[in-house]
Amino acid sequence: MIAQTPPMGWNSWDCYGAAVTEENVRRNAAYMAEHMKDCGWEYIVVDIQWSSATAVNHQYQPFSALDMDAWGRLIPAVNRFPSAAGGKGFRPLADYIHSLGLKFGIHIMRGMPREAAHRHLPIEGSSYGCHEAADPNSICAWNPDMYGLKCEEPAAKAYYESIFRLYAEWGVDYVKCDDIAREYPHCRKEIEVISQARLDCGRDIVLSLSPGPAPLEQAEHLKKWSNLWRITDDFWDSWPLLLNMFERLEKWCVHAGPGHWPDADMLPLGALRQCDSPEEWTHFTRDEQRTMMTLWCIARSPLMMGGEMTKNDDWTLKLLTNRDVLAMETESWCAHPLWTTEEESVWLAPRKDGAGFYLAFFNLTGQSRTVRVSEKELEHCPATVKDLWNGAETAFDGSVFAEIPAHGAAVYLCK
Amino acid sequence: MIAQTPPMGWNSWDCYGAAVTEENVRRNAAYMAEHMKDCGWEYIVVDIQWSSATAVNHQYQPFSALDMDAWGRLIPAVNRFPSAAGGKGFRPLADYIHSLGLKFGIHIMRGMPREAAHRHLPIEGSSYGCHEAADPNSICAWNPDMYGLKCEEPAAKAYYESIFRLYAEWGVDYVKCDDIAREYPHCRKEIEVISQARLDCGRDIVLSLSPGPAPLEQAEHLKKWSNLWRITDDFWDSWPLLLNMFERLEKWCVHAGPGHWPDADMLPLGALRQCDSPEEWTHFTRDEQRTMMTLWCIARSPLMMGGEMTKNDDWTLKLLTNRDVLAMETESWCAHPLWTTEEESVWLAPRKDGAGFYLAFFNLTGQSRTVRVSEKELEHCPATVKDLWNGAETAFDGSVFAEIPAHGAAVYLCK
Amino acid sequence: MIAQTPPMGWNSWDCYGAAVTEENVRRNAAYMAEHMKDCGWEYIVVDIQWSSATAVNHQYQPFSALDMDAWGRLIPAVNRFPSAAGGKGFRPLADYIHSLGLKFGIHIMRGMPREAAHRHLPIEGSSYGCHEAADPNSICAWNPDMYGLKCEEPAAKAYYESIFRLYAEWGVDYVKCDDIAREYPHCRKEIEVISQARLDCGRDIVLSLSPGPAPLEQAEHLKKWSNLWRITDDFWDSWPLLLNMFERLEKWCVHAGPGHWPDADMLPLGALRQCDSPEEWTHFTRDEQRTMMTLWCIARSPLMMGGEMTKNDDWTLKLLTNRDVLAMETESWCAHPLWTTEEESVWLAPRKDGAGFYLAFFNLTGQSRTVRVSEKELEHCPATVKDLWNGAETAFDGSVFAEIPAHGAAVYLCK
Amino acid sequence: MIAQTPPMGWNSWDCYGAAVTEENVRRNAAYMAEHMKDCGWEYIVVDIQWSSATAVNHQYQPFSALDMDAWGRLIPAVNRFPSAAGGKGFRPLADYIHSLGLKFGIHIMRGMPREAAHRHLPIEGSSYGCHEAADPNSICAWNPDMYGLKCEEPAAKAYYESIFRLYAEWGVDYVKCDDIAREYPHCRKEIEVISQARLDCGRDIVLSLSPGPAPLEQAEHLKKWSNLWRITDDFWDSWPLLLNMFERLEKWCVHAGPGHWPDADMLPLGALRQCDSPEEWTHFTRDEQRTMMTLWCIARSPLMMGGEMTKNDDWTLKLLTNRDVLAMETESWCAHPLWTTEEESVWLAPRKDGAGFYLAFFNLTGQSRTVRVSEKELEHCPATVKDLWNGAETAFDGSVFAEIPAHGAAVYLCK
């Protein structure tokens, strides 16, 4: 089973937008291999617009030329990904990443380039033309490049098979498919065709669906056909967005499990928005960063670091590599909030092995606050309580409580 | 003022769909000039897809090639409109129609051909490119050809001016602009830019907006910027659609006036759907046809004959040329229903000159039915009552009443 | 036919709220007979809470005692209506009003007093009890006194017949039934039962339904079962409410006709809110008052003066008795707006006798403004134009226009 | 803490409707004490209309007399509850039930009897009158007896305190408050006032809110102010209602915890609807009954037996007293579905003590079906698997699977 536990990795969007380069990617991969791999960090994902020679920031350019092969399949722009020269595509970059012991992922949009349909290009490995697969009325609301496909048509199936064949040849391990997760009901069939082409391509490829919010009432469809799916629109380093995630993760928490993970989006930490301004740093306070890491881990959300990692300071690296906290992603299950009021939230997650349970405290207010859970509320009397961010271990005497700073968090292993 | 009274004419859609030819148009124009012109019939309108060389019926073809000039302006397909050869466009056909004493109209879609934007064609008479005017996310829900324009941009204004300049050169008197009338609010600005380009082109051109239903709450915007606008989706020869028109015309009737007319759509009479089946004839009964003509005339809807007129039988031609009935279009005003129940509808419209009023009876049931209006309900005691379909004139003695056949109508001039 | 033209009269609510007394009513009736009757003013209507001994202003009192007879029928509170003593009800007051040549109206709520049901009182003229007619779940959202009836039950029919029998005995000519006109669909049947009890009571009684907004899609039901119905919630002397009436009357204008009139509510003119403050005077400017009178008259709304008439100043009395303006209520038909923009509205109504038409101009802005209608827009070239507020008559020379003050109006007879 | 685990008991509604008698109650209490108490069954609850002398079945009677004391507080109808004679209320019945080692509950409607307000009765222990507390516009949509209270008023607080004072005197342990749980937002404050009066009355009283569906977005308010609340409208013995409960319990499962329990409603088992027909028996098949018990127990819903227990057959009694299954109510936590498709549902709940986890299989189809969960999906490899309905214990070898009959269930303890 792929994605037996929540995927962990790095994604280029938060720091490089539509303009990421091969050099950016290689640098971050090398950093991850050296500093984070042994804590479970694994995927390196190149986000949107890698086939555009002219992208320079987070903006999309209407009617711009995209690099594609003779079958209407997008290929990396060589000016940005030099190793792709000579038709080699992402293969050399994937090889490099694999050589580091990591895995390689790419972003795609559902559908095909509009130009491929207008030019009536042939579909690789089939007798169809691209114009037979494309739906001229299926476009993306925020990106001007693609047409969605007529997924009832064999031509559409042929096209999606042709691209996953290419991705398998390249050595892709992870595909983030965009313009699809919140597009129910009209993209329901398109999700199935894409997912099946992926399963049939001969290589294990994790399938991630974006953007959110994916509809909660489609949870079983998402669990069946994908490995992770976004539960919000794009997440950035702002407290209201982080606060909002408590409600979303509460609704989705019962659907987290092996092979299928509700995704709270990238971690906007460290050096962000480098394509726009190299001095940019996350706007989150340190307490907010701990809140985010604690919440993502106890809720078992996938973890995708969004910052330029080679600029990580020591504090940030430690935040990302606390093994006790990260253990919740692999060792806990059945997480859910005990309560979430306007002032605080308390989450609980048993360990799968029965050896105690995790308890997370969140202060949602702008002032310091004492959060407390009593034995009655826990239905339990554990022997000891270990604070996972600072390592302190104490005996239990009737309740767990702590003074939590504004927007901050604490998390404990009780056993 | 153009369209001082409701436009009357012929439109190619109901009989020839997307496949109308020059020969079809000339034949019907000649027929109108000979048989109907002296009753007020005037416009000959070529409907959708005249730039497509491959259209053969009512269907649209995605990613098909459309004929266009070097500035991304659609031009007639020469295989279907031979007189357009040599870059003469619709000018020779317009000249012929004008020579008959009639006026010439064409259909357009809002926006520009998608190919014009993808190819970055220049906009005639400006320094802009088509890709600067087109909005890659503004498409039509039912036709695959065009992109709508970014109407806040000067490039969009330049494009619309360039096409109306061409239409004025061709001698166009009437433009039916499609994919726009029900597209409020996002097409509000596009209507204004198109309408202004029309007003500035140096030729009087009637502007008709399709498809419906246009939103009632936009009535004043429609009255200001167009001459007629559709109040329903496409109307065809089916009783439920005709029955439905009573409610729609009731809501819109207060907005009919000089220069601005709510449009109940084409008259599907006589020989229809010729491109699919040359034996096709309207499915309406004769009583239903009288109901339609009576309702359209008393409500002062524009009249656009939809059938192949050279196949008209004598009864159909008489239906279309009853001068007493057609007089309601020009001599009445202030039409409205006295009542519309599930069983019947009664409409009243005074003559503008004060010389009496029109009274129309409609039987909405499937059985014969007596409809009656009393002196009290009329607030009037006219001297005489003339039946306009059969010419009979009688003295008034306290009420007007008639036995009306199923789905049938009667109409009277009371004075 | 009752209400052949729109009813005109006086109603006690705007000046006396729930606390009106017999003395108030007699004084206003005498005034109307002397000063206004010959212009068509006719009805004197006692509004809500006349059975409550304790009402003192516009407020309703929960669980207060209401005077009722042994059959659960409300009767006038004798402390407020002394002539009702000895069980004579409204008969003596009605006799007085009839002696003045006027007609008498009362307000009722749909349903019966809650106490009548809880006490299981018998229903007059039947073998039923009140508790068999009342629906314990049918209450009014804004008044605490009544239960609506189970109108499918014979007991409900019996109760409504019993009250209309009483009203016929009293000599009531007009009933304003409240808590019903906007209560579709659940009050649809109750309207029918009340209306039928009225028709069967042996006396012509006009039926008026309140409060609004009645739903437009129920227009034919309202026309069939009532004589007038409110098209808004309570109207008061505030410009935004008056401005809003243009849109409402536009939607309803096609439904005005003999026996059935959309009702724009009382005229809050002159001395208002006397029960709260004897110095109160309408907040409308004189121009706004003319706008209201002009609009109500051309749209043929019923006219119900709301102020204490004996305090009328000369200007107000003239406003209410301009015969040329009031003539629109009886001599015009088919009124509708030519247009209504954010700045102005122009309405037109032909005379029924064909002798010209009325044209009303309204300035909806806060500044003086020229309003103009051209011959083309009129579809007419009248010979003369008479200003009905100032009596000036001029020759027509291509357009009608006038400088209209802020929020003001002008109205013309063109012929 | 009251309701530390989900309350378990018997409620009179499903078998006796509005007509339950003291004799019915005593008989069932004695049965429970003898046969079920040692498995955790504890509450005996008298449902609606115990103050009505005339109730005979499940129907409500408008404008019927309800027994009340001089302060407008409802008291038991003595013809139905003889021990209440002499003003002793429910005290003798409560004493009897307590003598059996059980607890006593009653049903109330929010608000006060309408008659109490109309009669202006005084509120016990205060200087207010009932008419000052009642809101004449706050009624129940399905029961005709009561007015809700104006909860911002001190009089309302005084009334609710007066009734809970009475209940404490009677020895009530459990109050099921009706017409309130789905009445957000307007009953939000009324819930708080009722709950606070309960907390202040000097006796531990469990508060249950009905009817459902309570709104999910009010979960934290419900958890704070009540001990259990209904998540559906009335539940009866029909498969579509049972099927529907899977989705509802999935949404609510994260909110079940000590002191606050989402309530899936009574168990319609055994002899039902006895007031209408003494031969009536549950319409559920035995497999459906097991499905219900399994689902309620793993989701930790309260359990309230609805049938006449003295008519239980042996199979039904065993269903209700399987200690291994009932243990889920007290020993598990964090229950949630692994998946719920159209065909099947699988739920998982760890034991609080870490000694394994429960796994429930449900077949939602009308045919027999194999349900299977693999080691990968479990994230676990338990040693043994015990079937809790039949007691069989087997070694785990890679998956848990079973052939489940139509609409049936199985449940396992894995450790």
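Note that the chains are named A, B, C and D in the order they appear, and that numbering of residues resets to 1 at the start of each chain.
By definition in this document, a residue touches a chain if its C-beta (ideal position, glycine included) is under 8 Å from a C-beta of that chain, and two chains touch if they have at least 3 such contacts.
Only a predicted model underlies this, so the values are computations on that prediction, with no experimental measurement involved.
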Next on the checklist: Suppose you list every residue number at the chain A-chain D interface; are over half of them used by both chains (same) or under half (different)?
Outcome noted: same
Next on the checklist: As a quick test, compute the distance in whole Å between the mean CA positions of chain A and chain D.
Outcome noted: 43
Checklist entry - Taking each chain's centre as the mean position of its Cα atoms, how many Å separate chain A from chain C? => result 65
Item to check | Sequence positions of chain D contacting 2 or more other chains | outcome: none
Item to check | Chain-level touch network, classified as line, ring, star, complete or other | outcome: ring
Next on the checklist: If we count contacts the way the header does, which residues on chain C are in touch with chain B in the complex?
Outcome noted: 1, 4, 220, 223, 250, 253-254, 257-259, 333-341, 348-356, 376-377, 379-380
Next on the checklist: With touch defined as at the start, can you tell me which chain C residues reach chain D in the complex?
Outcome noted: 62-63, 114-115, 117-118, 120, 131, 134-137, 139-141, 144
